[in-house]
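A, B, C and D are the chain letters, set down in written order, and residue numbers restart from 1 in every chain.
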């Protein structure tokens, strides 16, 4: 199969580098264009980008010229991935949609817009139905699909099967998030060595809103949030990659720890039959050791696309407690967008 | 005032060194005897102890001979502080009680015993009434008083005024605990660098039980737990000193964030009038910056005896959310035991 | 004694905060004015400054208004300490000198200028003689005195007595420097967690040049470098405060490890008789434990003003090896400038 | 080709797990037997071993029974790799040699014995000639080959081409070593968070002696050290994997930085033609960025078998300065032993 040419917007930043790395040997997609802010114009990707990953920069991509963030510069490319920061994304992504591009965006800008799908393939692939609504509204062929915030992605993957089986009504989440989630330079070392920061700008609101959207449904007028309460404590800790989240969960139907483990153990996700290349064998892996999951040992499970769960036990306030680890820059960012792109291909949504 | 001679059991370990440091310039107490396991017998404290603190070892204590863990070796000393590990404490501490010593213990061994006071002076000084029961039961003048687990100490100090004002019914706690809580050598660096461990042996049970005991009452038969549910997630993070705890709280009476801040802001504790030397001016300090408390910046508040609270805000699942930092080796260990010793002096409990 | 009013230039930054903290209870000096860039104009120090230290911001200083970096705004103040970054210092400091101020600067800008003293009081207080030359050249009463780079300060304090006794000819230094040396935000956490950066901009050159200036002499034309070779490897490591330096030293005269320990052990410095308030009892402390000095345990020796030395042993390539720890933000920055200010007072250099 | 059955001694420890991981998909070798101390007897490897790596434990090996450290239990296996601690290795390894096994050992115990090859394939493969001497001395077919200490391995790989070209006479090395070098539990987190330890037991002596042995030669009576002086400063830093070393080098012939870069750039090693499966394409990689090598970014170069060099520049005391990073648990431990095993196969030394 001839590979589909794709573009990456915001390619030189931390998330953008993640896209380039994960797309390096992708069986379906080939990075044909990289775009970034004016500052990098005229340089090659290799020159413009301060490559910060231990995996080497793919030679071919290193030689690509940096294009402006302008849809005319990417004519002929059907699919672009957006690693743009929110303030740029809200301005640039619509210009690509107007010109007929399919945009799979990791940016936060349009996640809450009613007709823009916010999707994790294993959780709510049916939300892609919103594309029709989006096209009707805009009158354009191009459209935008988004993936959730890194922490929410991990939470939603674990909650989905539990919600389907036992109907959630309450979620208390306390996260311990890696510094890579803040980009580069991001968190100052003086702030995080020998320290915890019990606050991350905007993060708790994102977790609370996006979780309810992912577990919710869509109707002809747009997204409908699930009927459940979510309360989050977001903390930054001295970890490079991998967010850890402690969850206390309340359900409408009885759910013992054994029930939860069983349901999580067989979960393969709504997209399991589609054989998406980035989808891991298991979207959720339950470990039974008393001291797992740990970000350093578990973030790379399923090449970073599996969420690892452990410490499943009863909660004396709500019903169930557990801990999870999600790789924030793979499953929670570039990997999530790419798997959404694969879902779009399988669904026949690409021109 | 002539200073009261005190002994320290388990003086060479991490907690023991904490006692020696905090007692170095104590206005009421003077370390007159240090005891440790047989291994150290015959050495001076300075020789036996691998001093791990940046504050220098007090010269006078460094010259004290290491005594055996035997009450006969400490004859004439009215008060001993115990920094013994649980498995040794459960054997050794009763031998001191039998010989008439007052023991203020940081060990976990007898905290749940019905007639042994588990006390934080600002929270439940009235629980010392149990000493009478304990003496009646044992038929001895000597007695044992304990202070709670490090994390529980911080939680109880913050919950006490809120419980008095609004009556707690539910507590969900997620802790991020410093490595010093595990003693030395304790947590291996290979386990905690670039990592989180979502489990600490026995910690969640201690938080859940001891919090209810501290907020509970005592009657003629012993301790009665408070009527509230506590559910804890205990995590170890890459921090040297200072435990951070995220709390979601449910109350029987309405409590807005402003109400909570007001109540915490005026809290001085039940022992405020006693002028205990180790008691801080404020047992709880509320900071209103959005990113505080942080262990590195706030653990030393009130010379490590003040618990710092921040991020007081509503909770969509329960009623209130907040974060706190408590210095685990000061307020949560040696400092707590010492302040209990002071409370005993003020109460006239010492011979 | 009425305290001398002093100003702090660049007071809101990391180094500036260090000055404010160290001057809080200074017996001779009182912070009467704080100046910073235009951005902070019109605010109080407490509002303008994101206070990053665990020691609390002194109330009185918190209420001072932020002044512009203009000598006219500080009229009447005889002495100003400069915590300005180099690019600002090179422009602003001369305007203060022209207006007759005495400036004790931590900035790198004028350290190499021939008629500007580069001084550590215990090492080369006689270099203050250059003030006369500086005044002659400038035709102004005001003058500028500088203290060396943080790493150099620690190295020079240790080398001084050895050089006097055995005459150095070669120094190979490998430093492991704390992140606080880079200011705030400074080193990104993504760069230093689980990592070492074997390079610090400009640092090796500073160590090599400034060490030779401090151990050198002054004549009527200015500074003359000592006749010795210095070669430095500067590394950044995951430490908050305290630079560690490994030294291999070659001498013109025989020097055994015992000789070196003896010489370092009696060193009190050329300024010992002056009783400078910031000067530690011992400028250099030799520890004989095999695993010391360590930055976390030794950086606070002598309230951060003592350099701790250990592992003194023979070198098979040169003559002697040792390791040292210096507190980079105290002895190596604000504390060094303040002690220079004290030296100026004692020398009668202030108006 | 049928794979050669190999055994691993000390398989459950940190280094042993490294062997199991690296041998998991080895094209020539298959782990057929794992042995450990009595404590693990009767268990399977999966049960006995607390697997600490993020790469999963290979299923097949997990099911192998733990054998005693007894050659009779491994009858029929031609080659064993030893990950034993020194005090066990010195007792156990000879019992295997006596029974005719070929032992490729990572232990320190016999590295300095005159007739035991201490080998890095790219550096001194010709030292395998000592096997004949060893056999003559022992009268046994079995023999022992060792690889050097982790830090020395990295140093020797970089020094070899420089020594051949310019003849070294002096080496000053300052290392910043990862905690994984101390095994598990190894370095306490309380010792290394926010800290540096300027000492590692026995390390400096190993670096100094083994470097001279690797760059030396062998004659009919055994190993002859190279004529050069080596002086090492060994430090432990807060890094998980990857040792960083700063080198100052003196040569007998002129060597500019450009000369050194050229020589290092073309170095392929004495074993380049043998196509050893574990040998990287380039044993040494020179990076020209000013801030490399860094352990986190460079330790995995060449699957952990390439040593990365940077900052090649002149030294004002000796002739040349540079920094290197070597993956201590791959190239410096199990990977080194395995590549030695491959060298033995290619040389026809296996039965």
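Methods note: a residue touches a chain if its C-beta (ideal position, glycine included) is under 8 Å from a C-beta of that chain, and two chains touch if they have at least 3 such contacts.
Please read these numbers as outputs of a predicted model, since none were measured by experiment.
**Student:** Look at all chain centres (mean of CA atoms) and spot the one farthest from the centre of subunit C.
**Tutor:** Taking each chain's C-alpha mean as its centre, the farthest from subunit C is A.
**Student:** Consider the two chain pairs B-C and B-D; indicate the one with the greater count of contacting C-beta pairs.
**Tutor:** Top pair by contacting C-beta pairs is B-D.
**Student:** Roughly how far is subunit B from subunit D, centre to centre by C-alpha average, rounded to an integer in Å?
**Tutor:** Going by mean C-alpha positions, subunit B sits 48 Å from subunit D.
**Student:** Report the inter-chain centroid distance for subunit C and subunit D in whole angstrom, where each centroid is the mean of the CA atoms.
**Tutor:** The separation of the two C-alpha centroids amounts to 42 Å.
**Student:** Once you find the CA centre of subunit B and the CA centre of subunit C, what distance in Å lies between them?
**Tutor:** That pair's centroid distance is 41 Å.
**Student:** What are the residues of subunit A that contact at least two other chains?
**Tutor:** 52, 193-194, 238-240, 296-297 - these are the residues of subunit A that touch more than one other chain.
**Student:** State the interface residues of subunit A toward subunit D in the complex, per the touch definition above.
**Tutor:** For subunit A paired with subunit D, touching residues are 52-54, 193-194, 240, 296-300.
**Student:** Okay, in this complex, where on subunit C does subunit A touch?
**Tutor:** 14, 52, 179-180, 184-194, 238-240
**Student:** Subunit C touches which residues of subunit D in the complex?
**Tutor:** Listed in rising order, the residues of subunit D that touch subunit C are 170-172, 174, 176, 193-199, 208, 229-231, 233, 235, 237-240, 244, 246, 248, 250, 290-297, 310-311, 315-318, 321, 323.
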